[in-house]
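Chain naming follows the written order as A, B, C and D, and within any one chain the residues start at number 1.
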Amino acid sequence: MQTVLNLLEAEPIRLFLSFGVILFLVLNLAGILTFAERKVAAYIQLRYGPNRVGPRGFLQPAADVVKLFTKENVSPQRSDLWIFLGAPIAMFLPAAAVWLVVPFAPRSVVADLNVGIVFFIALTSIGALGLIMAGYGSRSTFSLLGAMRGAAQMISYEVPLILSLLGVIMLAGSLSFQDVVNAQAGGFWNWYFLPQLPMFITFYIAGVAEARRVPFDLPEGESEIVGGFMVEYSGMTWGLIQASEFASMALVSAITATLFLGGWQPPFPFLDLGNFNWLWFAIKTALIIFTFQWIRWSLPRLRMDQLMDFGWKVLVPVCLIWLFVTAGAMLAFPSVF
Amino acid sequence: MKGMGITLKHLFDKKVTRQYPEYKKETFERSRGLLTVDMDRCIACLQCMRICPDHCISIEQEKRDADGSGKAKPYAVGFVIDDSRCMYCSLCVEVCPVNCIYHTEEFEAQAYNRLELARQFGERPVDPTIDPKPAVKKKPKAAKQAPKKEAAA
Amino acid sequence: MLGEERKTEETTLSQPVSGRLANPDIRDEFGLETIDMNMGPQHPAMHGLLRLILELDGETVVRCDPVMGYLHRSKEKISENRMYPAVIPITDRIDYMNNMAMEYGYCLAVEKLLDVEIPPRADAIRALMNEFSRIMSHIPSLGFLLLELGAFTPILYAFRERERIQSIMEEVTGARMMFHYIRLGGVKADLPEGMPEKMWEYIEGLENRLQPDFIDLIEGNEIFIARTRGVGKMSPEKAVEMGLTGVPLRCTGVEFDVRKHYPYGWYKNLDFDVVTDDAGDVEASYRCRIGEVRQSIRMIKQILENLPGGEVMGDTGRRIRPAEGDGIARVESARGEYAVHVVSDGSDTPYRVHYRTPCTVNMQLLQEIVPGHYLPDIMPIMGLIDPVSGAWDK
Amino acid sequence: MAVTLPEGNLETRLSRYLDGFNNSHGIEDSLVEGDLVQVVVGPEDLPAVLTTARETLGILHLSFITVVDRQGSFELTYELLDLRGAQVRVKTTIEGDEPVIGSVTGIYPTANWHEREAYDMFGVAFRGHPDLRRLYMWQDHFDHHPLLKSFEISTRRTFEGLR
């Protein structure tokens, strides 16, 4: 028994195994989140939501997946087939791979990279590639418009996203997620969302934009461009795009929870659950996901020019100013930090 | 951003949807459901067939001494209401002199085939695909007589 | 038949499509190519079946050409082949969001040719149901506007109200949408027992819910204001020139309401204001609609307070054969001036019925004001006009 | 408000409208009834009459154009509103099977789609219309004008094959 465990903990096997576990979790997460999304939407809109499949509708995601698998995968006749089919994979893999560096609990992280934050930034940037592939490959004006919007939006919002991380990196003095979480130990007043409040809000907003959620869902914009880049997808390719959307939403929530809300740290020291500290992480992530959904079902969508204005003229200056404030404070009171 | 609070409040409100197959909506006295015919009372006056805007009623008429009075009266041997065309306007109900056609509370009309939606009431089925006589455009007598008078004058 | 004219049509069509309505100022600033795009007829946010042929320069619309007719059912030809009373359920299907006004217009037009006196109670009930129908149409249209902007929730709140009014309507008329309640000479039946109290109760509840669910949720939202202020802006001269009526005209500041300026039926006895706004953009149209819902509530209260007694059906005789001539009547539907022109030849069926639906006329605005706007602005502008597929296609 | 709408007493306005038409054009027939002024003009005068109505008399709103097929002639009704309680109805009759009449889109831009509809449904051709295409019916392979009395419709149930 012990030898098997030791074997499992040996490096290459552990990595592959845990990556398998992560992939499994992410795929399931997409299903659970669709269900949660529909329930939250229904309750806000005075409806019941899915409640026919299984007890209270809990098996609805499974039914959806079965339906998606049995549907025919239609591709437009004049599409660029390889790019068209490669796009969902190019969107899903980066979103799933970032989960490798997210610390769930003190010891449970797949790869404790010392440049975890850089890894996260690098992989989220790749998401825009999948978007452009989808828009270009499906050869439709709606898709092309959606892809152009998506590329412009994701690249613009990358800037405030990265800038807002710098404050946390400066405070923690490390690029590793694990170190950032450890630096926030000892109660919620030590979490970074208090000293870094503007950065936290900026990161949250930029994260919503990165996850392409309302009010920044312009690449989809179903009332203008009918689903944008994914208008031509059907069956499981569509399901994969949808899964990657939910995975990246959950990812942004998890990163927000890790960097600004103390990750798996309990809000009060006496609430330390030991090995079960991952519960705190889960609760925080779920709360942030809920705010995403709440915003989605309350607000209308911005327009492209307003989106760009907001990104470049509001978020970036706020980040830069607060960066200088943080740096100045660290220089002035080195004893505090 | 006021709206966010409102949506949050509605999250905990009572839900307003009705679970359809278990809970059917209440019908009122005046609700117009599927049509039905009391064939015992029908006098085959064809008024409903004439007024119907959709031509969904077809009646096959025959002279028959049904009530034993010794006089042959019009009798509806075939009566079909095609629900795939009916628009529940209730004109036939209002026009019927003997109140033999009326709305029921049923409102679920569904079938796999359009022909199944044509409900037969008479003793002999009527082919619903054959068109009933369309509403004939009749000039009033005065209009017809007017040119004659002019000619006479 | 029309050899020469047909040739003109063909030459018009054979010209490059981009040359006809484009605004040359916007295009080719940098010598860029434009994209031709078809929006609709199957488009999730399009009101019904409308096809817009768009020419886009990036996200900017250079040309917009609406193509209608995907829901054309030739109501006018059908009406020519039905007896006078049997046309009423067909008029119901013209504007399926505001059916009562459609019936009312047709009945008024035929009654001009008929020698019949409408009892006052019938008149009052007609106006009452008409105002309910207007609320039933205005509130979902607010929801549609938000739906087009990307917020999904307000439409469901709007439909909750619509469903409740529909239940009231079903109890009174017998149907939830296609009422067929107003008849030649009166209304089909009197209000059922206890109905005025029920209506009163509902109206008071609606007044309370209007503030949080439709004003705070929509107007208290910065993104809504950013998306609608200044979008679809037009001057009052332009609006009058384009023949607009209803909310699109009133939101530019021109005070015109058929109920006020060409009063018909019970509206002569009612006290109400014509809601206008000066801005002439989508936000102004939203405020006008909210104002009109409030005015409708006010009118319903007035009618319910002084509901006259008596008969509800005038004597039209068994067969309805109007005198020869033209009967023209206009009513204010939720979308604007709805006029019906009935030409009778003295027989059982109309010789010609012409419906002037407000949507058809208001939709001309699309090709005038959409060029120069961004692609996502088309949808709020559609919300300003608030057309209904059945009404523009007849 | 930049739009000037007529003011004053309804009766004086109606008589002003009638005088305005009578002074500048040959009117075949006229009628004042209630809030309505009805004038009948020849088809060749029609654009001029409507120009008078808009430019001189200040009637700003064209409500609709109705065409009635009288089997051999076409009767056109132009309904104008001054938006303050008065209706002006201009009627004209075009003889023959191929009706052609001057377009009023230059006077009332809103007539654009009204005239397209009339062309679509009756084949009335409007001289000088900028964009005379069909409004409702499909543009090609359809050579009929459905509201003509000669266009027979069948009430036969045509979907036997679908049943």
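By definition in this document, contacts are C-beta pairs under 8 Å (C-beta built on N, C-alpha and C of every residue); 3 or more make two chains touch, one makes a residue touch a chain.
To keep track of the chains, here are their UniProt names: D = NADH-quinone oxidoreductase.
Source: prediction; values computed, not measured.
The greatest centre-to-centre gap from subunit C, using C-alpha centroids, is found for A. The innermost chain, defined by the distance from its C-alpha mean to the mean of all protein C-alpha atoms, is C.
Across B-C and C-D, the chain pair carrying more C-beta contacts is C-D. Measuring from the averaged C-alpha position of subunit B to that of subunit C gives a distance of 29 Å. With each centre defined as the average position of its C-alpha atoms, the distance from subunit C to subunit D rounds to 22 Å.
The centroid of the Cα atoms in subunit A and the matching centroid in subunit D are 61 Å apart.
Taking the mean of the C-alpha atoms as each chain's centre, subunit A and subunit B sit 58 Å apart. For subunit C, residues that reach two or more other chains under the stated contact definition are 81, 153, 157, 160, 217, 221. Among all residues of subunit D, those that touch two or more other chains are 155. Those residues of subunit A in touch with two or more other chains are numbered 44-47, 297-299.
Per the touch definition, subunit C reaches subunit A in the complex via residues 35-37, 43-45, 56, 59, 146-153, 156-157, 160, 217, 221, 223-224, 226-227, 374-379. Subunit C makes touch with subunit D in their complex at residues 1-2, 4-5, 8-9, 12-13, 20-21, 68-69, 72, 74, 76-77, 81, 235-237, 240-245, 253-254, 256, 261-262, 326, 328, 330, 337, 339, 341, 343, 351-352, 354, 356, 360-361, 363-364, 393-394. On the subunit C side of its complex with subunit B, the touching residues are 81-83, 85-90, 153, 157, 160, 163, 170-175, 178, 180, 189, 192, 212-213, 216-218, 220-222, 321, 345-349.
Of all residues in subunit D, those touching subunit C in their complex are 1-3, 5, 35, 60-64, 66, 68-69, 77, 79, 81, 83-85, 87, 89, 97-98, 100, 108-114, 117, 119, 121, 123, 125, 131-139, 143, 145-147, 151, 153, 155. Of all residues in subunit B, only 1-3, 6-7, 9-10, 16, 28-32, 50-53, 87-91, 103, 134-135, 137-140, 142-143 touch subunit C in the complex they form.
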